[in-house]
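What follows is subunit A paired twice: with subunit B in the first complex and subunit C in the second.
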Partner chain A sequence: MYWLKRYLNIWFAFLRNSLVRDMSFRNNFWLELIAASSWVVMNLGFYILVYQHTEEIGQGSGWHFPEFLCFLATTTLITSVVQAFFMPNAQEFSELIRTGGLDFVLLKPIDTQFLVSFRKVSWSSLGNFVFALGLLGYSVWKMTTAETDPLVLSPIICLLYPLFVLLGIVMMYSLMMILAATSIWLGRNQTLYDFWFYITNFSRYPKEIYSGAWGLPLQYLFLFVVPILLVVNVPARMLAAPFRHQENPGLWYVEWYLPIFMVGAAVVSLSLSRAIFQWALRSYRSSSS
Partner chain B sequence: MSIIEIKDLNKTYHVHQKKEGLWGSLTGLFRREYKEVCAVKDLNLQVEQGEFVAFLGPNGAGKTTTLKLLSGVINPTSGSVNVMGYVPWERKNEYRRRFALVMGQKNQLWWDLPARESFRLHQQIYQIDNKEFNYTLTELSDLLQIGKLLDQPVRELSLGERMKMELTAALLHSPEILFLDEPTIGLDVIAQHNIQNFLKYYQKERKITILLTSHYMKDIAALCQRVVVIAQGQLKYDGSLGEIIDQFSSTKEITLSLDTNDQPTGLEDLGEVLEVNLPRVKLRVQRNKVAACISRIMDLYTVEDITVEELPLEEVIANVFAHMSQPSDTDKPNEEIVSSR
Partner chain C sequence: MSNTVVATTISHTIGHRFKVWWMIFKISLEERLAYRGDFALGTLMRFLPIVTQIFLWGAIFSAGMTEEGKLFGYSYTDMVAYYLLTMLARAFSSMPGLATGIAAEIRSGEIKKYLIQPVDLLGYLFLRRIAHKVAYYAIALLPFAFVFFLCRGYFSSFPDLLTFGAFLASLVMGFLIGYYLEACIGLVGFWFLEVGSLLFIYMLLSFFLSGHMFPLDILPTSVKTVIELLPLKYLAYYPPAIFLGKIQGWALVYGLLIEAVWLLFFVVLSRVMFHFGVKRYSGFGG
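Let's look at the complex of A and B:
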């Protein structure tokens, strides 16, 4: 327990230092906050527009507007946390490698991956987190008060939902660390952000949209090989339970195998990110003085 | 047992050779030639507890690489290093708590925050208790006279002030070994002098072991009893600074003030004429002929004043480097193209 307290203390110091720094550039802070939240608002507007043309996404899937809002809120919760806590560090990691600044990180008597992953926090990205919480509250209220098939929240789901959101964050973090660690071999990794965007793009939609001759292989690829589709889908369908709209959902639709698989996938991806990080460190050659 | 023991240490880098021009870049996308560069070659060295050792050598000689190997930042190609019983590149936390590395060209403090915030973070990372932390910080900031600067963002400090902050950060956890890589680079004479004085005092008080690389001979003359010369990754000399001067400066400089403004004759016979700026004349004379030369000068000219000086240290070291860069027959060239992919 002692080490946990120590690492938490260090993390609080990072949080504090980042906050002091962000506040000292207050115009930049507000600008970032506005830019990030307007993207989320526009994204929301886009889906409001889509739902003016259709009742649900995916015939018979049960993703009506309130359910989809819940899905969107979950996506935003996860991405805002990743962008606030890990994105700045992953980007800086490749910079540290290029400039040789990683030297100083390696000197510290503390776990290197911890130091690399948590050094900086982008507080302005947390604005979206608050926004997403509001959206989540609204969608849950809409679903529980619906006239047909209202949602009944069980306490177990209320406990499991945040837990699986956390697992989703763990998986996103692992993917990001794996991508960032490759910059040790590439020397420079400007494509990190691009790659990140390409891959995570697939995680933003209910898995039902990947159907048919093209969609199904894609769905299996992103469920079981690069399990990015689990990240938002598992917690979101737990809470929104879109299958309740179906006449005879059956056990299959509850799909409890997916959450169980996700626990395994999170453990495996975290261990993999750790292994790749350690492996990459061994190839670090530092830059000349 | 020595505090630092280096045995047959080698570090080879695999460097990509880019061919000239656009075509070279294009072909480089598919097939590349690599060159092996030996940054450190069969290095053997022992350092005792409490020594202040200088690493001297031209750029690219392998000094910084050696410091990086000792601090465990990079792994060697072969050989062994033992520092206080640890293998540096295993990066054990117990080891990392007991030394510090300061690099004059890189900074580790948070750029946009006052140094005090970075120091607090250090306190957490190195687990320094409050009482000790406050005591050490007060002591260091008094010695380096940085008390007033602690609450200013680091980016607003001058280079000299920043280096003092870097030193403070490195010494907060009271390391037993300090690696300094060009700590005075780019600093003005006064700032250099301040840092030298501080290091001298601190090393004497705490009796810590310090390894220093520098290009400023003044640093080395002021601080180090022992000098290690490294060139082309190899140890070329290990001993005191005085011995180097004896060994490599075979000449001295004689400066005369004549009492006449007429062009003196026969100067060339005495030695190499460096400068004639009447009434001042500067000559370079072989070390063993200085006495004879002076008595001849007295015979030939009327002299108002005469001084005999050692060569400037810079020049001696330049001689040392020039001498060492000539590869002997047994030396293999340290760069060779080994592979293409």
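Let's look at the complex of A and C:
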């Protein structure tokens, strides 16, 4: 367990350094915090407006307002962690490739992927994490105190929810590392970061909206081939509408197949991203001067 | 005799001017066309969020629409058409990198070259921007045509010629307002060295209040009345709203007139800001 302690120590040093840097430009830090959270607040405002006119998003999907707030909170939890811990590093990574600064990273006696993906932390993005926790609390309170068919939270669900949020973060991290690794081959990849944005855009909505002749293939594509639709949907649904087959409890596996699949998908995508990253590093040729 | 000399000198200078403008335009155009593959791919990908919007609104309409199949006065096909047309409006009014570019040139001192050379900063950047846009349309035409063809079912009817003319006018004015508005934000760099956060706030507001994210008609009437007073709506909401017949008759005429006044306001503001900014500016070193 010595290496784990060592890596944790280094990670804490990263956290501290980033906080020190953020705090030395304090005004900038507050501005970033306000900017990041106003984005989330405005997005929330949009859905509040939409729910003025509709009972649920998707007829029969079960995403009523409190349930959807839970979905939104889960999305925000996951994206805030990704933006705080991984986004700044992925952005810097392509810069390291372009300038040849990766040479210095490779020389360090530490795992390169660890160093590359955890070095910088954007503390200001964690404001949204706190906001999302509040939103989550509010939506759970709303759901459990609903007049008709209130939600009953089981301890198992309360344990599984954070676990699956974590799995979602792992999957997002894997996708980001795969995209970052491709910048070793392509040199610069501005389009690929746009690609990240456009791909993850599909994960931010309940999977039920993808229905119909065009929607279902899309849903299956993003559930099983590029499984980003699992990231938010599985934990959010787990908390908002506990997985149980309404008519026949004996058919529990019908509802549980997605969470079970997600565990596998997270493991596979993490290993895949690791493999691709190592493979890409082997073709790194540094940059002259 | 002296008259003819003056006349030839004037025609000479005007001809010369045009030659300079044409040259700037041509160079910028060629510069842009160098990365056309990346460009076309990027354009096509920009339609991906529309796919989720189509499904999201489909889900919202499935549960929320009225008897006539409407929500906020929009039918489902109108809503999808709105988002597609917003892409078109944004293709005119968005100015990536303009404000940051101006601010960076002020900060780094590169702006000195416009003060020394007989080239006007705002005019030069304007020509460059037109070249960017022309290059963009040349390459984006195919992806745009492809997507609009795929989605032709969402357009219930084509507007009459007069409305279409107003639509085109609003697109062009959207481009001009977008340019001068963002140039003003960049010119703030004369007073504050860092405009990044200001620009972020502008982008945030413009995303939500220009109609880029949703048609402004969703907003409660009281809020909408206030938002409608801002010039942001011309960047995204206005052209699609005209096309879909949401603004008609005298309201349309007044709307376009007010848009023209806003445009004039930003042209004058940018000139005034540049004038006083240069007076404030001091360049050191070389």
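One rule holds in what follows: the second predicted complex is superposed on the first by the 275 of 289 C-alpha atoms of A that agree within 3 Å, B and C clash if a C-alpha of one lies under 4 Å from a C-alpha of the other, contacts with A are read in each partner's own complex, and residues count from 1 in each chain.
Here is the rule we use: contacts are C-beta pairs under 8 Å (C-beta built on N, C-alpha and C of every residue); 3 or more make two chains touch, one makes a residue touch a chain.
From a predicted model like this one, the values you see are computed outputs, not experimental measurements.
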Fit-or-clash call for subunit B and subunit C when the two complexes are aligned on subunit A: fit
Partner chain(s) touched by A:L106 [first = subunit B, second = subunit C, both, neither]: first
Touching partner for A:E56 - first (subunit B), second (subunit C), both, neither: second
First, second, both or neither for A:F129, with subunit B first and subunit C second: neither
Included angle at subunit A between vectors to subunit C and subunit B, based on C-alpha centres and rounded to the nearest 10 degrees: 80
Partner chain(s) touched by A:R285 [first = subunit B, second = subunit C, both, neither]: first
First (subunit B), second (subunit C), both or neither touched by A:R6: first
Partner chain in contact with A:Y138 - subunit B first, subunit C second, else both or neither: neither
Subunit B versus subunit C as contact partner of A:G215, first or second or both or neither: second
Lowest C-alpha to C-alpha distance for subunit C against subunit B (Å): 6
Overlap of the subunit B and subunit C footprints on subunit A, listed as residue numbers: none
Complex interface listing, subunit B residues touching subunit A: 13, 60, 64, 68, 71-75, 91, 93-94, 96-97, 100-101, 103, 105-106, 108, 110, 112-113, 117-118, 120-121, 124-127, 153, 181-182
List of subunit C residues in touch with subunit A within their complex: 38, 41-42, 45-46, 48-49, 51-52, 55-56, 58-60, 62-64, 71-72, 197, 200-201, 204, 207-208, 213-214, 218-220
Interfacial residue positions of subunit A with respect to subunit B in the complex: 6, 9-10, 13-14, 16-17, 20-21, 24-25, 99-104, 106-110, 112, 115, 282, 284-286, 288-289
Contact footprint of subunit C on subunit A as seen in their complex: 28, 31-32, 35, 38-39, 42, 45-46, 49-50, 53-59, 61, 190-191, 194-195, 198-199, 201-202, 204-206, 208-212, 215, 218
